[in-house]
Amino acid sequence: MLVIMRDHASRPEIDHVVELLQEAGAQAHLSGGEVKTIIGVIGDREVVYALELEGLPGVEEVIRVLKPYKLVGRDFQADDTVVRVGSASVGGGDIAVIAGPCSIESQEQMSVVARAARDAGATMLRGGAYKPRSSPYAFRGLAEEGLKMLRIAGDEVGLPVVTEVIDVRDAEIVAEYADILQVGARNMQNFRMLDDLGSMNKPVLLKRGLSATIEELLSAAEYILKGGNRDVILCERGIRTFETYTRNTLDLAAVAALKQLTHLPVIVDPSHATGRRDLVAPMCRAGLAAGADGLMVEVHPDPERAKCDGPQSLTPEAFEAVMKDIAPMVSLMGTRMGWSA
Amino acid sequence: MLVIMRDHASRPEIDHVVELLQEAGAQAHLSGGEVKTIIGVIGDREVVYALELEGLPGVEEVIRVLKPYKLVGRDFQADDTVVRVGSASVGGGDIAVIAGPCSIESQEQMSVVARAARDAGATMLRGGAYKPRSSPYAFRGLAEEGLKMLRIAGDEVGLPVVTEVIDVRDAEIVAEYADILQVGARNMQNFRMLDDLGSMNKPVLLKRGLSATIEELLSAAEYILKGGNRDVILCERGIRTFETYTRNTLDLAAVAALKQLTHLPVIVDPSHATGRRDLVAPMCRAGLAAGADGLMVEVHPDPERAKCDGPQSLTPEAFEAVMKDIAPMVSLMGTRMGWSA
Amino acid sequence: MLVIMRDHASRPEIDHVVELLQEAGAQAHLSGGEVKTIIGVIGDREVVYALELEGLPGVEEVIRVLKPYKLVGRDFQADDTVVRVGSASVGGGDIAVIAGPCSIESQEQMSVVARAARDAGATMLRGGAYKPRSSPYAFRGLAEEGLKMLRIAGDEVGLPVVTEVIDVRDAEIVAEYADILQVGARNMQNFRMLDDLGSMNKPVLLKRGLSATIEELLSAAEYILKGGNRDVILCERGIRTFETYTRNTLDLAAVAALKQLTHLPVIVDPSHATGRRDLVAPMCRAGLAAGADGLMVEVHPDPERAKCDGPQSLTPEAFEAVMKDIAPMVSLMGTRMGWSA
Amino acid sequence: MLVIMRDHASRPEIDHVVELLQEAGAQAHLSGGEVKTIIGVIGDREVVYALELEGLPGVEEVIRVLKPYKLVGRDFQADDTVVRVGSASVGGGDIAVIAGPCSIESQEQMSVVARAARDAGATMLRGGAYKPRSSPYAFRGLAEEGLKMLRIAGDEVGLPVVTEVIDVRDAEIVAEYADILQVGARNMQNFRMLDDLGSMNKPVLLKRGLSATIEELLSAAEYILKGGNRDVILCERGIRTFETYTRNTLDLAAVAALKQLTHLPVIVDPSHATGRRDLVAPMCRAGLAAGADGLMVEVHPDPERAKCDGPQSLTPEAFEAVMKDIAPMVSLMGTRMGWSA
């Protein structure tokens, strides 16, 4: 850690910082020119970082040069984590395609989508049983009934199923039915939920928050790994910016950056990111080209009558076209579809 | 609702939209020139809004002209809501000043702050027992032990106490100790928590999310009112933007806008918004000048050794100076400090 | 255009809007339910749009359903514009790769880069003679001397050259040396410069502003086309968001969207967008996969000693590797490198 | 300057950085623990900063601890700059209120506004003769004819006049008529224009760019001061964020921050920032409470028929009410209206 003092900070101001550091058991090394003094700090990372020196007299800036995460970093584990679940795997060159509707509406809907997804080559099935909605007047999902439908549909076609936990109290029941537990963008910093998922025995799909930095996403994943659960899949799904043409701004440079920073698999959700059906195909291609380990795509048998996210959902036919479109890209990137069988 | 068709949309495309609308029990009124057709939709708001027509062939844009909230709006209730709790009240010209540390660290710390807060003129006491932290390695609060300290400190000086619920499972226990339940920025769209708080009998202080629009904040409050709990206080605490000099960007125009749109009290948290002690005083003044019904200010007996948010915390002396500074502003705005006694 | 009146707008308020519309020669069509009145407006687009009705009593919102641009739109011209300059072309399946240093530093530097660029397969050469710099103390370019070096280097290898006009007064002199005139992000809304470039006989490479929407970028291009110059190439180079890991946030969904909205070629600048050398290759791939018509890449013979943008510049060797990396992507997308010869 | 090496950077990587620093005439001081090496750099600021070491092997981050500006800083000049022009002054406790229409439309319009502005207590008159417009089809101003009208109107009531220079080629002609030259948000980083204004003998009103940081605004002002022109007034006018309820997000914490960082006067433009007439009054109050040295307010005799920015313009009556509203705020802040006479 470095403490940058203000220009011409006084001797007592500097001494005071040094004293606080020593009090905390850290070593302080002073360096500086005529104008600036800089204090280099060496000591136990957690203790030193817990000091909040920013507001002290004479202090201009405190720079934490060590990253706030450890277990998720490439420094800790150089090799790619591969998350395996049933017949599917993701990471280390195995590409996941997770397809399904925004919300589970009926057994028939799910079974139709499941067959279409499997036939087109998806490796996992998704569907929401609990829906976070901005307005309390919108459709909020079928809850456990929906989970059952998802499970049945997944079993019918032999695909593992992914679904979102929007309330920590549902984690157990969701885990009874689902193979992968999704944490939505709004819950990325629901730290107690992350703690709980860290001690569960199910892979977690962690979506980036709407205004979360790359570092915050990695820190959120660190919560889960710290609890002992190493099977975390990260998902870039667009960040909120001033641009309104697309629902969010898909940050594909973050995907490439994450692949360098972490060993965890990283997938892309172009459906939520763009909010526009006609941008899903190009963003699937671009996501894979950026190095993503997978895609999450909304598919609905009848998007026009979908209860949620119709505008960005693909028909089964359109999804099949996307799968054909991306197949050569998967090869070109030296990867393969993540089917174990 | 209006459906704007693309330029030169075809007759079958237009007919298809009309058909879906009629299927849903709504009336469709067509108007348009040579280039554009626009379909005006009249029908039950919730039904019509649930239709997601954006992705249909020929549809360019769907405009929902009715607001997504109702109970929180001035149209529903013209008069200001006044939230009363113990000796304090906020709204309708009553100004709240909520002071206290970011995190509760010890009984002595809380009692010292409580006296300082009361003596300087604060109307409520705050302190965090459960702390959401970006890193799993940071201090996360004293939990129930902290709640007890807060309650004791509040009782010692006769101030109602405010504290955050970060996990819905804690709501009951927090409610045993606290007078007002705070929902933090990260939980603003934790909809199940909002549902639960809606059926509780305690006022809620709802903070705006880091990337939440004004409309989303109001929709989140709508969840609570819809559950039957009318005592909601909104809090502007800065939004996330590209500017890094301040921790967040305090959006005071949102305060003025909220005062027009809703009858609920609106307060400002300049400590979290700016992250800088030296900007707290001017932002307190500016917040009140913008029409805020109150302020939330971090005060710590020894900010240099605070376990959390030290850089933005005021000493008791600095807080007293802020209180003297804002007193004439409170009068100038035609308001008064919200003490019932 | 649609005028959405506030809930329960009064009869005189509605009449007043209608009157102003009629005064401007437009027709007003009223529709609405009990709560809302909506006024559909038909009339001359430019006249109607010039009316600014937003602040009138009873008016809630004014929605302009026609786009603010025309000549750049696919509605106006369905076929791709292909910009041809010397041996190179871009658009309509022809891919441009524009390589070169941020700033021109010497004849030798330029000649070395030019050979490396040509040998690796670039189709155009770039280099800055006038540099916009945030600080007045930074290196600001060699001006006309630099233009000469760029021209010589381009001629030596037979590549057309691209350089930025940062001051409208330089446009003529730059045009004497350059084949394509670049408008930088900071000048995207320098409307008088756009006007001037519109009447010149040189292709223009127009970069998206740091906080410009897709619609604003298209409107800026409209200025140039309106002046009579049809040879405009758009460039996505990252927008400014809260994320600081990358210099800007590369918005590849905007590339895909632009390809739908306009017939103009669209290229991507991953060097400026990310500010990180190690993200250039994946973003080149992803840009092409998103449908871009080309790439702009910073290459410097000795990035460590570059006077500008060293951290994001590639060595000639690294650039060669990128070119090899993207070759199969160019084929996969059904496109070809834009060499005329 | 500090160079933070990556964890476990190799000896040759570290040596290489040191060598480049020494080559540039700087001194390098190494410090570090087992994991991290940090290189402190001392040398000539401009030389050292021109080195772009970010992309070197083993380098994680380069931190420039000295500010990129000097002349505008409080370190360079502790006392407030007071800009005086004719009967008016701004800075050092003198408050400017600059009123007038977005665009100059006719002599009568300007003369009416001028009288209303003066009678209500404004200290300066504004009006646009050249208008930057997103669309080439919008009204773009009366040019020199408008400048004459503005001058006449100002002289009639004895108020100095402010108007925007949108093209550097107009600077001379604008300076013939105007007392203060405004640089609009879109031109904040038009560095050649800043250079030119730096050598002119007229005060400059410099508006913050839509996506400019506080530091970039100060660096832009540095350009002007470096040229020799010390009379610069900064203007906060809202930044672009995800919030769409207001046109931009008024950043009042930036005003308070600027007052600490620079000796230059800082004013606020609530009209452009909010784009909503009904938010102008509260943001005028809040701006002054935040410490602003003045306000810029759009006033039009007939906003409904304004050619530009009608929705945010005040009628003369509404402006008079704002002036009455802010008078006690001006006193409360210990300031006074900036009339010299």
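A, B, C and D are the chain letters, set down in written order, and residue numbers restart from 1 in every chain.
Please note the rule applied: a residue touches a chain if its C-beta (ideal position, glycine included) is under 8 Å from a C-beta of that chain, and two chains touch if they have at least 3 such contacts.
Source: prediction; values computed, not measured.
Should one ask which of B-D and A-D has more C-beta pairs in contact, the pair is B-D. Across the assembly, the mean Cα position most removed from that of subunit D is the one of A.
Centre-to-centre separation of subunit A and subunit D, using mean CA positions: 39 Å. One simple way to say how far apart two chains are is to compare their mean CA positions; for subunit C and subunit D this gives 26 Å. Annotation: 31 Å between the Cα-based centres of subunit B and subunit D. In subunit C, the residues that reach two or more other chains under the touch definition are 211, 240-242, 244, 276.
Per the touch definition, subunit D reaches subunit A in the complex via residues 2, 4, 7-8, 29, 31-33, 35-36, 38, 40, 42, 60-61, 63, 65-66, 75, 240-242, 244. On subunit D, the positions that touch subunit C within their shared complex are 20, 45-46, 49-50, 52-56, 68-69, 132-140, 166-169, 186-187, 189-195, 210-211, 216, 219-220, 222-223, 226, 240, 275-277, 303-313.
Chain contact summary for the complex, subunit D toward subunit B: residues 211, 213-215, 239, 241-246, 249-257, 259-260, 270, 273-274, 276, 278-279, 282-283, 285-291, 328-329, 332.
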